[in-house]
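One chain, chain A, appears in both complexes that follow, with chain B as partner in the first and chain C in the second.
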Partner chain A sequence: MIVIGELINGMFKDVARAIDNREVDVIQHLAEDQVKAGAQVLDVNTGPYSKNPVDDMKWLVEAIQKTVSVPLALDSTKPEVIEEGLKLVSKRAIINSTSADEEKMSRIFGLAKEYNAQVIGLAMDRSGVPNSKDKRLELAAAIVAKAMEYGINTEDLFLDPIVLPVNVAQTQGHEVIESLREFRMLCDPAPNTTIGLSNVSQGTKYRSLVNRTFLTMAIANGLTSAILDPLDKELMDAMITAELILNKNIYCDSFLDAYRKK
Partner chain B sequence: MSIELIKEKCSAPINMVEIGGGGVGAAVRIGGQSCLPLLFEEGDCPNPPVVALEIADYQPDDWAESVRQAYGEAIKDPVAWAKACVGRFGAKILCVRLQGMHPDYGGRPADEAAEIVKAILAVTKVPLIVLGCGDDEIDNDSMPKVSQALKGHNCLLGTATQSNYKTLTATALADGHSLIAESPIDINIAKQVNILISDMGFDPKRIIMHPTTTSLGYGMEYVYSIMERGRLAAFIGDRMLAMPFVLFVGQEVWKTKEAKESVKTQGINWEIATAVSLVQAGADLLVMRHPDAAKAVERYIGIIMKGAKT
Partner chain C sequence: MIVIGELINGMFKDVARAIDNREVDVIQHLAEDQVKAGAQVLDVNTGPYSKNPVDDMKWLVEAIQKTVSVPLALDSTKPEVIEEGLKLVSKRAIINSTSADEEKMSRIFGLAKEYNAQVIGLAMDRSGVPNSKDKRLELAAAIVAKAMEYGINTEDLFLDPIVLPVNVAQTQGHEVIESLREFRMLCDPAPNTTIGLSNVSQGTKYRSLVNRTFLTMAIANGLTSAILDPLDKELMDAMITAELILNKNIYCDSFLDAYRKK
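And then the complex of A and B:
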């Protein structure tokens, strides 16, 4: 499992404030804490309130790279914001994200090719998030086909079936789980899969429990990466245990400790 | 049309461990490979497996006659025995089993055992593997003294087990030695012992795994599969299984009836066959007893490792 840390996101008030006031240490602490807790990639999102997302993205990338050396997932709906980030990254980046819309895909895969980046592809289009696994699969297939057209390796794709909150779209959990399994069979080598995990528990009372239960189910069904809160230790423990049960690592009594020593 | 073989690429090699070289003689280096045993097309194999000769600190009347005969009179005195191993039989590394510290074998005090090991080091100038007598209580009491006497000589001390590792680990850490981590043919426990030891601040790159050996004819295929499983995990990045393997071949072979009660050469051949099979399983360090068997295995290693990329 590739763990993508979600905490550097202007959607969180303290991060938005840190971006506004250019508080480098706040961002760097968040980066360090997430990497220490097991994040292999850090998501970077300037947030919805950013007045100048291009400058904010540049500032974030530079601040983060001064303190940690993991790859970054440049998270923006605006390709020009992503491109500024791509110009600055020192490790191979992940573009977060493209939808299955023709125009968007052309722009994003063009960038991915130019900057040798990986891409998260959302199984949604202009008409919104599909409510069946079949429609999700159709959109994912369109993303795979487009990526191939641009000469992008399929294992550099992260297909996201779009997780919805369990309290508003309860029928979708099962559809998402099924989609993950089918996405993996779309091509060979199989594409990676990812989810924005915390979305599943949005607005619920027991967020951490909902998150980790969903994560283990998703892992068992073909999830290969997730954007999540790596500082939730119980969540990380559940992930490590799920991978252990799937025989990804050799058991020993201190298997949690062993995973973290890797 | 030619058939193209599928080659596996490993993402992390086995640790390289150096034994000896602490101011006296040359060090021996083992491990460092990035491919399964003998699959030279798939990776590097910088250090061929090494054969150590095993000696004891007492006159081993309980050892097989064939082995005792090979050393003749020298076997009566551990220092003379060690000298014969290196001088007459060309051993590049020795394993000294301090069995004499056990009450059933004379109950030699630790200070005396330490003196013997020091004398062996002074005379032979080869790297040493030093084992306790196998009784946890006595070893925990004695091995720190032996270890201290060898401080700075970068020996390999054994053996740390899941139920008894703290004293030996602390001792090896203090005196700059490497450590043998033992498990009972169990990959889960092998990993666990490595974690327990490294949790004490001991560098995992100075651990050598002893997965426990059996002799040819006594379930060796099980040892093989455990070693293979460990290696495959190490190559995809499990750092808690990326240690070289040491196998005590002589100890196992020479207690079998096939080796002990045999006509002239059967025991030697038994030891050779066991060792050679374990080289193919991924052994990095083989501890053997009969000098003729050791020589034959070294010859085999020399021939078979010719294709290795170093």
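And then the complex of A and C:
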């Protein structure tokens, strides 16, 4: 599992304030804490209230790269914000994200090719998030086809079936889990898969329990990465254990510590 | 999920002593506690050290039925022990278990027919536990075929792929999880599935974590019942949440309490 840390996101009040005030230490601590906790990639999102997302993205990328050396997932709905980030990254980046919309895919896969980036592809289009596995699969297949057209390796795609909150879209959990399983069979080499995990527990009372339960169920069905809160220790324990059960890490009695020391 | 409480089993020292000394209250408390915690069925096993398993089984069944009214899973390798239990049960019982061995199946399905019992079918035969999904599927199919021969409804079968400890058989977790998914497609109506959950964590350091992680992964792939420790609250929380995610219970903010009050 590739753990993508979700915490550097301007939708969180503290982060939005740190971006506005250019508080380097707040962002750098968030970067360091997530990497220490097991994040292999850091998501970077200026947030919905950013007045100057291009400048904010540039500042964030530079601030983060001064203290940690993991790859970044440049997270924005605006291709020009992503592009400014791509110009600055020192490691191969992940673009977060394209949808299956034609115009969007052309722009994003063009950037991916130009800057040698990986891409998260959301199984949605202009008509919104599908409510069935079959529609998700259709959109994911369109993303795979377009990526191939641009000469992008399918392993460099992270297909995302789009997780919805269980309290408002309860029928969708099963559709998402089954979609992950089928996404992996869309092409060879198999694409990576990802989810924005925390969305599943949005507005629920037992957020961590819902998150970690969903995560292990998804891992059992082909999830290869997730955007999540790596500081949630119980979540990370569940993830490590799920991977152990699937024989992805070698068993030892202290397998939790062993994973974290890696 | 049908929760089968595992705690009335003579392999546990306290239970073995209670059976030997005919300590009714020890057994009845175990029965009551498990039912209160959410067990819908209680497994009853005289244990490996019972000198007189037929008498012990009869005593256990009577002691348990005086205080709770849930069905029992009569758990013994000896058909004559199961039969004496079947004569006494007040609710429809589950026979735990038959293997795919011809002689064993004939005897057990004969009993199931005679006493209108459900049956747990283990995907193993005289040569032992298979080490692949395909072999498990072959044995499960043989069990289904034999059950049909005896006129037993396939929904009254609980197919068990046999969980092995992750610390000694680490490749088998994935095989078991995938077996569960395929067992459900063996016939229509789909058979039930079950596992002896605690076996997966035998000898490991983080038993509860390993158990609950495995359980949610299995539920995501077609597990419809499990023999487990219902007094492990975190395990039950994980199970309830996994079922919520699969839309088997209706969401409400206090979904854990709501499940338990049912």
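What we mean here is this: the second predicted complex is superposed on the first by the 262 of 262 C-alpha atoms of A that agree within 3 Å, B and C clash if a C-alpha of one lies under 4 Å from a C-alpha of the other, contacts with A are read in each partner's own complex, and residues count from 1 in each chain.
Please note the rule applied: a contact is a pair of C-beta atoms (placed from the backbone, for glycine too) under 8 Å apart; a residue touches a chain by one contact, two chains touch by 3 or more.
Not measured: the values here are computed from a predicted model.
Three-chain overlay on chain A, with chain B and chain C fitting side by side and no clash.
Applying the stated contact rule after C-alpha superposition, one finds that A:219 touches chain C and leaves chain B untouched. After overlaying the two complexes on the shared chain, residue contacts for A:138 are found with neither chain B nor chain C. Of note, the Cα-centre angle with chain A at its vertex and chain B and chain C at its ends comes out at 70 degrees, rounded to the nearest 10.
In the superposed model, A:261 makes contact with chain B only, not with chain C.
Once the two complexes are laid over each other on the shared chain, residue contacts for A:156 go to neither chain B nor chain C.
In the superposed model, A:250 lies in contact with both chain B and chain C. Number of chain A residues touched is higher for C, counting chain B against chain C. For the pair chain B and chain C, the minimum alpha-carbon spacing after aligning on chain A is 7 Å. On chain A, the patch touched by chain B and the patch touched by chain C overlap at residues 250-251, 253-254. Those residues of chain A lying in contact with chain B across their complex are 249-254, 257-258, 261-262.
For chain B in complex with chain A, the residues that touch the partner chain are 187-192, 195-196, 198-199, 229-230, 233, 237-241. On the chain C side of its complex with chain A, the touching residues are 166-167, 170-171, 173-174, 177, 200, 204-206, 209-210, 213-214, 216-221, 237-238, 241-242, 244-247, 250-251, 253-256.
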